[in-house]
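What follows is a structure written as structure tokens; I'll ask about it next.
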Amino acid sequence: MSLEPLSDLLIEPVVRSALAEDLGRAGDITSQACVDPEARLKVRFAVRQDGVIAGLDCARLAMAAMDPALRFSAQRRDGDRVEAGEVLARVEGNARAILAAERVALNLLGRLSGIATLTHAYVDAVAGTRAKIVDTRKTTPGLRMLEKYAVRCGGGVNHRFGLDDAILIKDNHVAAAGGVGRALERARAAAGHLVQIEVEVDGLDQLDEALAGQPDVVMLDNFSLEDMAEAVRRTAGRVRLEASGGVNLATVRAIAETGVDVI
Amino acid sequence: MSLEPLSDLLIEPVVRSALAEDLGRAGDITSQACVDPEARLKVRFAVRQDGVIAGLDCARLAMAAMDPALRFSAQRRDGDRVEAGEVLARVEGNARAILAAERVALNLLGRLSGIATLTHAYVDAVAGTRAKIVDTRKTTPGLRMLEKYAVRCGGGVNHRFGLDDAILIKDNHVAAAGGVGRALERARAAAGHLVQIEVEVDGLDQLDEALAGQPDVVMLDNFSLEDMAEAVRRTAGRVRLEASGGVNLATVRAIAETGVDVI
Amino acid sequence: MSLEPLSDLLIEPVVRSALAEDLGRAGDITSQACVDPEARLKVRFAVRQDGVIAGLDCARLAMAAMDPALRFSAQRRDGDRVEAGEVLARVEGNARAILAAERVALNLLGRLSGIATLTHAYVDAVAGTRAKIVDTRKTTPGLRMLEKYAVRCGGGVNHRFGLDDAILIKDNHVAAAGGVGRALERARAAAGHLVQIEVEVDGLDQLDEALAGQPDVVMLDNFSLEDMAEAVRRTAGRVRLEASGGVNLATVRAIAETGVDVI
Amino acid sequence: MSLEPLSDLLIEPVVRSALAEDLGRAGDITSQACVDPEARLKVRFAVRQDGVIAGLDCARLAMAAMDPALRFSAQRRDGDRVEAGEVLARVEGNARAILAAERVALNLLGRLSGIATLTHAYVDAVAGTRAKIVDTRKTTPGLRMLEKYAVRCGGGVNHRFGLDDAILIKDNHVAAAGGVGRALERARAAAGHLVQIEVEVDGLDQLDEALAGQPDVVMLDNFSLEDMAEAVRRTAGRVRLEASGGVNLATVRAIAETGVDVI
Amino acid sequence: MSLEPLSDLLIEPVVRSALAEDLGRAGDITSQACVDPEARLKVRFAVRQDGVIAGLDCARLAMAAMDPALRFSAQRRDGDRVEAGEVLARVEGNARAILAAERVALNLLGRLSGIATLTHAYVDAVAGTRAKIVDTRKTTPGLRMLEKYAVRCGGGVNHRFGLDDAILIKDNHVAAAGGVGRALERARAAAGHLVQIEVEVDGLDQLDEALAGQPDVVMLDNFSLEDMAEAVRRTAGRVRLEASGGVNLATVRAIAETGVDVI
Amino acid sequence: MSLEPLSDLLIEPVVRSALAEDLGRAGDITSQACVDPEARLKVRFAVRQDGVIAGLDCARLAMAAMDPALRFSAQRRDGDRVEAGEVLARVEGNARAILAAERVALNLLGRLSGIATLTHAYVDAVAGTRAKIVDTRKTTPGLRMLEKYAVRCGGGVNHRFGLDDAILIKDNHVAAAGGVGRALERARAAAGHLVQIEVEVDGLDQLDEALAGQPDVVMLDNFSLEDMAEAVRRTAGRVRLEASGGVNLATVRAIAETGVDVI
């Protein structure tokens, strides 16, 4: 699978508001004072540490928003593995414009590459198993679309984008509905035919109750490895299983080897 | 010094756009399916790990934006040190509204408290020295105002908010202006009388050149501890000194003990 | 299943921009000229023709946005079947505020109720069959969320909210990917685990090819009733079938009786 | 009279927000999965049914907003009468960009052309009389400017754009002011010298009272054909007369033949 | 004629963006440093110099936007004549909130009252003549609605609000259309039935040509007093006449006495 | 010191919203009626009265926003002294686009040049003294950035851009803190290390108290010339002194000659 870039149309508003935030009410007063208006500059964006790249389009659009005449050329592509010291991109043109856009470009590139790199570490750790690595809704307000994209750059898969694109029944919902079975019933009745239903269970008993309700996905919350393996056996492929809780780079491989579909 | 909360007027747009991002085009379809419209809920926000709190107003405003009738009561205040398990706030009211706003409230509270906690660790490490801990412009696009506030909650002090509120002369500017002295001269001529001028130097020689230009602050970039101490001696309080580069929790105490003003 | 109202947070921006559009640059100059500032008014919103109601919250919020002191009381609820002449809601308070908000309130109420009423006619027509009525993305720019809600008020079910919440493979995509099978393969590899995959087929041969690719839903495009029935037989419940093309109130019952799941 | 296109500056925000609404938080995931990033496409926009075209600039701007490199060439112009099957426009370029923008382009083109076509049917029906066809404020929230433009494309004339650009005295205002004469007096005193005053009357008696107040336009609300003709006689060209109520394609010709100015 | 206040809905966005502009990225740091969070304050808005008041609602909304709990009580109303030293309004509540909103409140109140006062001086100068004082489109970007309102507070009448609400044919248009007569013909054909047509003429010859085209208003551009008087005679009330050019407080009375309708 | 232009990125939103305000809901209906769609025009922007120019980029961007194909060429630069009759800029291209953008271009150019010209008169008046002319926060809501820029064009220096970029202690703050000394103490404790502290004093006694607190700037509020001169003596260069109150073109020279730094 190739990695699909986001449309500029979706990125541009984020980049522009980040620039406006940084330029404030008078722009880059240091460059205005110290750099001649016509001065030119060449800058290279280099990799700080080994990892996976995400956000090159953000950097390109930050430069273009400050000055459409800047020449930006990417040397690598989002999703590429890179080593410290490699050149990611070059930009050349008006010095003031480049200096003014640089911080925003680096902030976005750094943050998204960090997410991609971390995601990739998890993906690497489970290589050879059937498990896919997914993200959460614990994203930065205003940047969810970009952070979810960075997860894809790192080889991960996206979970829900918001409260509106899948049903995820948690303990509060179960309590409110009066049990796992009743919650699934209500969810099935309310859901559009393209909406998937996932339910969180906290033990094997609740798993059985959930399976009877035919959800699309079951999330095993804080299961021991043994219980997880047992859950895989009981489910026998009827629904997808998602492991949640206690996941870190030290534990993820063992979790994946239980046979769950998603972590 | 007491900690000063941000005006709701400044926080509300961030909170509302975060909610809109999460609610998407159909709202919280899980609660719509599983929770009765009139159901009520009480939720407690508890501390996950020891640290310093920041962002309680964000949590309050997220709840109020979903439903002005929710009753939110904070048990602690931003800037307080808290221990894992403590209750930060309670909210009570319509169950659907609380569940819909919960993720946004927790995302902001968690991110800002994390910044406050980390800042505080640095502040603690330099306790008893004259050094103050300051932040950078490496913030999340769209959240700079809140993240700078979280630094203050942690006992830190804010550096520039943007490119427009102080002059900070770095190597590129020095090169463009033709030397540290010439850059400071241009900066002084261009600056408003309320604008401070800071210059970055990379060695003791450049420090001498900078001092001749009478900046308000000099940033010592990647100085050894010995050179830093020597810089403090040479400067003799005429300008404030700021240490930059190679700062982490292991090194910060020794840096502070050289006598610099800001780290 | 009860009908779930949209959050005010999602409706308010639409209502406010509609009011701003109508008030223009000087507000309601007729009422300013002819109605005393303190004059009071009672208005009843009555049903023009039999149908299903949608949009009462829009009307309420339009009144509240003009003047929070207006007293709006709904007599019916969205999704209710109503007869011409029935009173839907009453509003009482400052006359100028009510007159200024009235057109916006009626425009939204009328448009959404029209959609709900038409949807309900289709839902009625297929009563007793297993078929559900779904909508399309042929919505009014800026009002998709509300129009999709009106479909739910009429008893229909929502299809995709946008290009991003399900994969729907059409003829162009099949052509680009090199066949239905290849397109489904690529879709399965790219899709997150909560994303459903639907594929459009234009004949029974293509249906067989599609079934081999295990989509979640197959859309039968412009099938004859006979072919549709045959498709139901061949599919045998393995995927959901959606009928598309040539659907109107005269044909929908016969289509539903072929056994398709969604129309 | 030639038809005047709207400035791109006025259309672009509508088109961009429609695209954002459709692209959601991840863009067109179907094309991302099934269509190669470099694939190219040629698409023709063809007429579905005989009518009058409106909205070609919307289609062009939707394509340009997704990808400025797309080549869009209109074959016809807004306001043209077209027959089913005719090609309106061609677009060529990156396949993903075209597929992502297509729905928005078609939604706007279809909606506006529908309005233009219906308007034109009324204009045709009164051909040869002095009557002009005008629109109302019953427009879609957010699209009034475009829908009013479509009315002009169909040969109609625009009534008020909002509450602020003409005075239109209706029954509520008459009641509040204490009679038609008193309402007109107040309107005349309050109106700027470029603001026209229109008053609605519900019978011949009220017409006489209105004429005494010298409005610019009188709206005859639900008059019989006989009363309308009598109104034309009594008015003798002193003010313009507008017929309202009970207007449809079956009745509009007879109404126009009474001699009213505007319907 | 009583003066009609603008709806809060129209004023609020202006006030909020003015506050955001002033609060910047950290709010009122002086009050945060020097004023206790719970301190209370009473402030009186007093008149600086004799004049006419406009903008009290702006001041009220600025206070309410900072803190809904502030108690604002206006002692006078927009449009009132006031003398230096009089108290316009009182506000009481949280000291920080009042100090933060004060500058924005005063800026709007001062600017709008200045416009109202100047307008009133012109209106006073022509008292007893038939002439009305009107404004122009030379307004501050973003504040046109408020500045036009201030003109009304001063007793003036509004000219066009924008390029879209009346036709005003100037020399460039006459040249483009090929003469005054041809321009009026084209305008009449294009205008909606509620749109007034005004034409600018630069001499008595052009006036005659204009009168033949039956505009609603003729603007006499830089006419001498004699020519103006002659224009009034020739027109004999058939159209309204507007004097333009060389108008100031010293000349306006004589201009009004020529009998023109609008200045 | 050369004058530094603002980034287009900062100006464009102001220009676009000013155009939208002027175009309203139907655009320039006069040009639509009277000017052929393909007609071309050449326009020269000429100086009305002697002064200093500011805002040429606003004019250029207004034209570009209406039609990117317009050719705009500036003959002078912001900050230049110009004489009545001089040509500032030429624009050539589509006639309708130029006519539609002209008012907005002129409004911004006129307002900003007026500010630059007035500022320059003050700067001229104090030529040869050490005093610099600074501005205030009494700016037009929404235009502060541009108006501050115009002050720089006129040779002035900017004071605070908002409440957040320097501490300015006034009488209310002194009262709230309990004296000048206490207020300065609190300010010093709260301020970031790049934030300057200014304090307002109303007499020589308060000056002495202020000097003890070591502010960066002291504002002498309504001092007599004698007291101002005495203040300069007492201060002896330890802090900068700013004169405020009673400043106009007749008094500014004498004030400057007392030796204050800023007026």
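Going in written order, the chains are labelled A, B, C, D, E and F, and every chain counts its residues from 1.
Note that in this section a residue touches a chain if its C-beta (ideal position, glycine included) is under 8 Å from a C-beta of that chain, and two chains touch if they have at least 3 such contacts.
Because the structure is predicted, anything quoted here is derived from the model rather than measured.
Visitor: Thinking of B-C, which of D-E, E-F or A-D forms a repeat of its interface, with over half the contact pairs identical?
Guide: A-D
Visitor: Could you work out which chain's C-alpha centre is the most distant one from the centre of chain B?
Guide: D
Visitor: With chain centres set to the mean of the C-alpha atoms, which chain is at the far end from chain A?
Guide: Between chain A and every other chain, the largest centroid distance is to E.
Visitor: Quick one: report the Å distance separating chain A from chain C, using the average Cα coordinate of each chain.
Guide: 31
Visitor: Provide the C-alpha centroid distance between chain A and chain B, rounded to the nearest whole angstrom.
Guide: 24
Visitor: Centroid from C-alpha atoms only, then distance chain B to chain D, rounded to Å. What do you get?
Guide: Using C-alpha averages as centres, the distance is 52 Å.
Visitor: Check each residue of chain D and list the ones that touch at least two other chains.
Guide: 4, 21, 23-27, 32-33, 100, 144, 158, 161-162, 164-166, 186, 189-190, 195 - these are the residues of chain D that touch more than one other chain.
Visitor: What part of chain B is in contact with chain A in the complex they form?
Guide: 14-15, 17-18, 21-36, 39, 41, 95, 99-100, 103-104, 106-108, 110-111, 137-144, 161-170, 172-174, 176-177, 183, 186-187, 189-191, 195
Visitor: Looking at the complex, which residues from chain A come into contact with chain F?
Guide: It is residues 16, 19-20, 23-27, 32-33, 37, 65-66, 97, 100 of chain A that touch chain F.
Visitor: Note which residues of chain B are touching chain E in the complex, please.
Guide: The contact residues of chain B facing chain E are 2, 4-7, 9-10, 144-145, 148-149, 158, 161-162.
Visitor: Would you pull the chain E residues touching chain A in the complex into a rising list?
Guide: Checking each residue of chain E against chain A gives 21, 24-25.
Visitor: Which positions of chain C touch chain A when the two form their complex?
Guide: So the residues of chain C touching chain A come out as 1, 4, 132, 134, 157-161, 164-166, 186, 189-190, 192-196, 198, 216-217, 240, 242, 261-262.
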